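Written out below as structure tokens is the structure these notes cover.
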Amino acid sequence: MHDPTSHTLLALYTQIATLKLLPRTGWLQRGVPNAESVAEHTFGVATLALLIGDTIDGLDRGKLLAIAMLHDLAEALLSDLPASAKRFIGSDHKHAAERSALEEMLAKLPNRAEYLALWDEYARGCCREARLVKRIDRIEMLALALAYERAGSRALGEFWEDIDDGWGDEFPVLRELAAEIMERRTASLSLPFFQGQERAER
Amino acid sequence: MHDPTSHTLLALYTQIATLKLLPRTGWLQRGVPNAESVAEHTFGVATLALLIGDTIDGLDRGKLLAIAMLHDLAEALLSDLPASAKRFIGSDHKHAAERSALEEMLAKLPNRAEYLALWDEYARGCCREARLVKRIDRIEMLALALAYERAGSRALGEFWEDIDDGWGDEFPVLRELAAEIMERRTASLSLPFFQGQERAER
Amino acid sequence: MHDPTSHTLLALYTQIATLKLLPRTGWLQRGVPNAESVAEHTFGVATLALLIGDTIDGLDRGKLLAIAMLHDLAEALLSDLPASAKRFIGSDHKHAAERSALEEMLAKLPNRAEYLALWDEYARGCCREARLVKRIDRIEMLALALAYERAGSRALGEFWEDIDDGWGDEFPVLRELAAEIMERRTASLSLPFFQGQERAER
Amino acid sequence: MHDPTSHTLLALYTQIATLKLLPRTGWLQRGVPNAESVAEHTFGVATLALLIGDTIDGLDRGKLLAIAMLHDLAEALLSDLPASAKRFIGSDHKHAAERSALEEMLAKLPNRAEYLALWDEYARGCCREARLVKRIDRIEMLALALAYERAGSRALGEFWEDIDDGWGDEFPVLRELAAEIMERRTASLSLPFFQGQERAER
Amino acid sequence: MHDPTSHTLLALYTQIATLKLLPRTGWLQRGVPNAESVAEHTFGVATLALLIGDTIDGLDRGKLLAIAMLHDLAEALLSDLPASAKRFIGSDHKHAAERSALEEMLAKLPNRAEYLALWDEYARGCCREARLVKRIDRIEMLALALAYERAGSRALGEFWEDIDDGWGDEFPVLRELAAEIMERRTASLSLPFFQGQERAER
Amino acid sequence: MHDPTSHTLLALYTQIATLKLLPRTGWLQRGVPNAESVAEHTFGVATLALLIGDTIDGLDRGKLLAIAMLHDLAEALLSDLPASAKRFIGSDHKHAAERSALEEMLAKLPNRAEYLALWDEYARGCCREARLVKRIDRIEMLALALAYERAGSRALGEFWEDIDDGWGDEFPVLRELAAEIMERRTASLSLPFFQGQERAER
């Protein structure tokens, strides 16, 4: 007979581990053949949150990374709804469903309350750490779109249209990073094949 | 300059073809490595609808197959919501979202009205063809669960619990078919490996 | 002990379901990484048959869709022979092998006779429904080639050469559709990446 | 302007390399999710031919390995016809088609004649090297079936039925090897999971 | 012209993102068909580190998660060396190679020094956060082995042998968790198929 | 009870067969979605060794093909270390690790000594057969890079830079072959899509 915590943790992690098996739907819809999983996306967001967060003063690293790990956790039950689905389900309704799913997943955890609070902060963007993760969630997607174009995709044009949506108002480094990604991509358009950094910049 | 129909058809089919790329989420969540796509599921349902429908008197084959082809079409925009997601989104809300997505997809087609009417009949189960497709939608999943267990999956136990939910009230052949699948599966449980039909029944 | 029909149906569907696992060989030979399965191809043909068939007067929808579902069924036993194989096996011999395979598969079905008759009509193209499915079998491939080029493939040039082989003699909408696909593709050639419909047409 | 040989070699190898993309159809039909390619099968046959051939006196290693590399080469054009297909195409007809395909592939090679002669010896089994490759072609499949069962497949029962078809009449080491594989498999049947060699033999 | 940081970040993240494409070699060697990527493994370790770390008093969450995100980062250049490789490369040599790779990756980052220090703490296990991540790195693998057995694998027996290697000396919750995983697995051995938690425990 | 040889052969082949499951890491790092396995690479090298070797006078075909089959065998234990890893592990150290792994794999084989000697000749390039396999190991990679670019990859630019590193000093046919591949690739750069040989050369 075990303590409730370990029992709870295993049941929860069994759900969470399914995020390794769920491809991100938006890429699938565009025919990306080796589309990342939700778990891989979260890995990317958390890694960038660590690296970028440390270049910005006054952020709480523990809070920042906790938000990054939690931001898409509910997709283990909800699956990854593509943009095309959100139009019909409605973002308020989706938000509510996501929160209930997260509540159910975390129900038996000692500190469920703090996790839900962090997730609410993320959803509302009401602290700097939350807003940074939100931006990185978008910018990581741009970096990956560049990688998928390098791998061959010619179906990702739209991803590049609304790129400059105020990235840098709060975090100048993100404006720089977005511009950098954009420039790399533009350089590639005029070449038959992507070349190493330096050659692309000639 | 082309007639609007061909223009509409290509735009629509480009959306529909993405169903070849969307795996059925329920299988993914259970770790099935080569999970079927929504398009493959629809293929299975339509093929069984043809074969089974023809053993039942008084069905309209054209209507039956049209319903089979249309029943999951909206998932091209909505994606395939697993059972775990329906609990949080709510089946009424999901139904409404699905119908709006289908409406948008078919908006410019000359006979959108008939297709939406067929889909409504399916959703409400208010004609024999619709109810048959609904049953087959379930039974095709059982046949596939058997195939995935044969391929190795040991995670599909739950799929077998509520198997006898009145399959045969209206269509006795479905009761027989469900029982047949059930028996094949039970026979396999006592064997280290699935054997050919005959050997399994010895 | 069950009625023979359900026993027959399960054994047959077990064969048919393998079409979900067989990739279309022609795409594989050209390095398409997420090549569709035979089941996905049939889904595409049947869906287009429904949508296009309904824009043409005087077709029997039930017959049309039955032919679409049956046209490649024998590949569950024969596998998908690429064009390069047909040259050496011979189309008459391949036709005979396909028919015997289909006969064996359907042998115990009450209405095997009708299905074989429908398949013969398809093979001979001796009714409008059969000829429409035959055309759609080709045009669905073109629509998919466009999707694979959008996903990155640069190996499908040859698919575009004999495109205008009398599509529209009997079904003008197919001439329009083929031209539409062709135009979309040509527009893409002059662009580094596929853009949304409207931008591509600027 | 290049010498004809290099031109011929590149065109030929472009065809041959597609064998890396063609999964072995028999495994696909049984739901093996990561089915080997024809190229991987040939790799296995050639490696075993080297290792086993060297334990047998009086074989020509160069001839043995050349036969192993050539035995399935024609599948680059013909694709991998499963056993179920051979029943309908006929083995004589398949043999003839395979040979014509190979002839076409090798047509411009300086030593096409020798390769075709080696392939004919393989097909007729009229030299020891040819017969050894033929046996290994079967036994490599058994070793792989064991690997796929270890990976989870429960659908390969039939592969084990006619195992002892005179392996050892000419090459006793093959009788030993087949018996060894068989024993490992039998040991696994009584265990919930495959264990390391030693534990399985306790 | 951009600030060096954004330039550095993009170049670095382009390397890091390849971890989404590298399957964990140990699973591949055992035939797991949908083996997780290194990025997915890191996601699992970081998520468990968050959930478990919060049940233990006096840990620095920011440090804990930073170590989790960094612990396998060098594999973007080194690839994932399986246990069988470590025997021949030598763990000291592997350690040195990993550290040089990490140094090169982080060379231009403002806080490279802190990251390398964290990685050294991880390697030496010389702080509680580092030792916790090290344990979780092992236990996450056990949880995943259970998931792969549920998905069908019968080749993971060895993963279960040295399970109780002092998990709980420092962190009792890990002893409980390991025992819980072990029990779930043992329960499954006596069943033909994995059942839901409750049924398995009846 | 079996003779030691068959026991040894099965244990060894079980290791070797894992090469069918290991993708070549270099392609993965560049996002190639259907990257070849080590076994497929070896198949390609051995097939080219056969075809090219036969156009060169005075080579020992048995020795040539044995070297081709053995050259990457140790990767079954070591995995496929990408170029980026070799920089940190050091080529001498990697060489030593590879040799020890091969020694262990072959330890119980009657003719392990000859195989290790052949592998040493390959590593040192101290016979014509060894040098030819070494060259082909590179040129096969170029032919495949061309195939992956045809399939869509735009990330392989660097593979083309040091192409002319004295291919032909010893084997003029390789200079021709490399130039041929190069020309085909250059022709493709100026086209939106790869065309058939003849059209590309217009």
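By letter and in written order, the chains are A, B, C, D, E and F; residue numbering begins at 1 in each of them.
Convention: a contact is a pair of C-beta atoms (placed from the backbone, for glycine too) under 8 Å apart; a residue touches a chain by one contact, two chains touch by 3 or more.
Predicted, not measured: the structure shown is a model, and the values here were computed from it.
Using the contact threshold fixed earlier, the set of chains in contact with both chain A and chain D is B, C, E, F.
Taking the mean of C-alpha positions as each chain's centre, the chain lying farthest from the centre of chain F is B. Residue-numbered contact pairs of D-E overlap by over half with those of B-E, the repeat interface among A-B, C-D or B-E.
Computed centre separation for the pair chain A/chain E is 20 angstrom, with centres defined by C-alpha atoms.
Chain centres here are Cα means. That of chain A falls 38 Å from that of chain F. For the pair chain E and chain F, the distance between C-alpha centroids works out to 32 Å. The multi-chain contact residues of chain B, meaning those touching 2 or more other chains, are 21, 31, 33-34, 147, 149, 151-153, 188.
Pairs of chains meeting the touch criterion: A-B, A-C, A-E, A-F, B-C, B-D, B-E, C-D, C-F, D-E, D-F, E-F. Chain C makes touch with chain F in their complex at residues 30-34, 149, 151-158, 188-190. Taken together, the chain F residues at the contact with chain E in this complex read 18, 21-23, 25, 28-29, 31, 76-82, 84-85, 87-90, 93-94, 97-98, 100-101, 104.
The touching residues of chain A, counted against chain F in their complex, run 33-34, 147-153, 188, 192-196, 199.
By the touch criterion given at the top, residues 2-3, 5-7, 9-14, 16-17, 19-21, 34, 36-37, 39-40, 42-44, 46-48, 50-52, 54-55, 60-66, 69-70, 73, 109-111, 114, 143-144, 147, 173, 176-177, 179-181, 183-184, 197 of chain F touch chain D in their complex.
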